[in-house]
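Order of writing sets the labels: A, B, C and D. Residues in every chain begin at 1.
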Amino acid sequence: MKIEKTEKRITVVTDGDFDLKVCPELKALLAVDLKHDRSIHVCFDLRKTSFIDSSGLGLILWVYKETAPYGGKVSVVNVTASAEKLFDVAGLSRLLNIRRKGRERLG
Amino acid sequence: MDKQENYVKLEFYAKDQNVAIARLATAAFAGEIGFSLSDIEEIKVAVSEGVSNAIIHGYGGDESRLVEVTLTVEKNLFKLEIKDDGVGIADIKKAMEPTYSSVAERMGLGFVFMESFMDTLNVHSSLNCGTVLLMTRRCPHL
Amino acid sequence: MDKQENYVKLEFYAKDQNVAIARLATAAFAGEIGFSLSDIEEIKVAVSEGVSNAIIHGYGGDESRLVEVTLTVEKNLFKLEIKDDGVGIADIKKAMEPTYSSVAERMGLGFVFMESFMDTLNVHSSLNCGTVLLMTRRCPHL
Amino acid sequence: MKIEKTEKRITVVTDGDFDLKVCPELKALLAVDLKHDRSIHVCFDLRKTSFIDSSGLGLILWVYKETAPYGGKVSVVNVTASAEKLFDVAGLSRLLNIRRKGRERLG
């Protein structure tokens, strides 16, 4: 997992499994950043993520809820077809900016 | 015994790192049956949701308790059973409603995903006796 | 419970496709403990040899019988147990000799590999009661 | 798994696991070929093999025993460091022509 921060954006590159196991730690890390600035753009880059389930989606939705009222933005890029289906079933495709191939890259 | 017929049972501590182990074993089991890669991705979500629920809701974080995942295939039907001896579910119908969750930070989509990605889902549960999920999915015609 | 402490048990039909499932689950379990990729390759060989022996020798191809693989980690020690209720081994010492095999086409190197790739190997067996292999390997210091 | 035959050589490219599961079928296939000509060169290309154990090694040794007395040859190419250790422990490195990076390629 890799988190990159600029003044306007936090990019989270999760690798491997984005499931129950990684969520508490990632949430704690992000909570610290969001305390400073809730109007930030948080981009989840799933290029290295081999698996995501409702625990991962829940974390992304949590970031959305923390930032949206303050003018923040959440995007999810490099989403596989399988993961896209989860976002669709969850009804998150309407709330979040989800892209199969992201122009927004880390580094 | 029929060449395809198979049975694998896993029993493990209710620890979050074991969700991945259950998922991998289930994916390998489903792969042997001949499910496609995209079918397997869906089956992985189903087992992951069920096992996560047993850990979080069933046992509420008590890692010393045991979760059981039973995989069987027989007569072209893949069966996935997930069992805990935890707190159980008082109102199964309510628990299965989309977006209902007893935990504030969760999405309440576990059952929705299990239902979406498997052909059938049956939930048996009683308070303080635990929960058994039985899911099935037709095997691909090979 | 200690963060690293863990327990996963698998029980499965004595079918050759289940060797890969046991191997994958064991590799994932060992990976969680922090074993390196090359350590994991060795551990995969050990579990593969033990499970293959249970299937071939223990049950002689009767696929309806059950093999048990138990993975535990406790106090920095990884334990791998493989159990069958098959024919058992009459002369354990002889069975463990390098290149000894009761089956003409096999190499008789299963025990050699298990001993080479794990720190300890103990074999318990009695005729017609089955065989239990207990292997251990020290965990890496993290 | 892919088997390629020329008049002088059989190249076997095993993929995934080279274990108990694949050995009986592969042995049956090779037995047919070896019946025709035991003085042939059999090359096992492990480039796509992610795992091998004593069942796989046993099959390779069987081919050696079937061909060596008739002037045949067995080579194993594209062997990983982990797999090489098995051939060493088994004492097969002396009998067979084993190479980490094979010049002998399929096709």
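Quick note on the criterion: a residue touches a chain if its C-beta (ideal position, glycine included) is under 8 Å from a C-beta of that chain, and two chains touch if they have at least 3 such contacts.
Fair warning: this is a prediction, and the values are worked out from it, not measured in the lab.
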How many angstrom between the C-alpha centroids of subunit B and subunit A? 25
Based only on mean CA positions, could you tell me how far subunit B sits from subunit D in angstrom? 41
Just the number, please: Cα centre separation of subunit A and subunit D in whole Å. 47
Counting only residues that touch at least 2 other chains, which ones in subunit A make the list? none
Of all the residues in subunit B, which ones touch at least 2 other chains? 17, 20
Sort the chain contact graph into one of these: line, ring, star, complete or other. line
Chain pairs in mutual contact under the definition given at the outset: A-B, B-C, C-D
Touching residues on subunit A, where the partner in the complex is subunit B: 17, 19-21, 51, 53-55, 57-58, 61-62, 81-82, 85-86, 89-90
Subunit B residues within the subunit A interface of the complex: 16-17, 19-20, 23, 38, 41-42, 44-45, 48-49, 52, 55-56, 105-107, 109-110, 112-113, 116
For the complex, which residues does subunit C have touching subunit B? 1, 5-13, 15, 17-18, 20-21, 24-25, 28-29, 32, 63-64
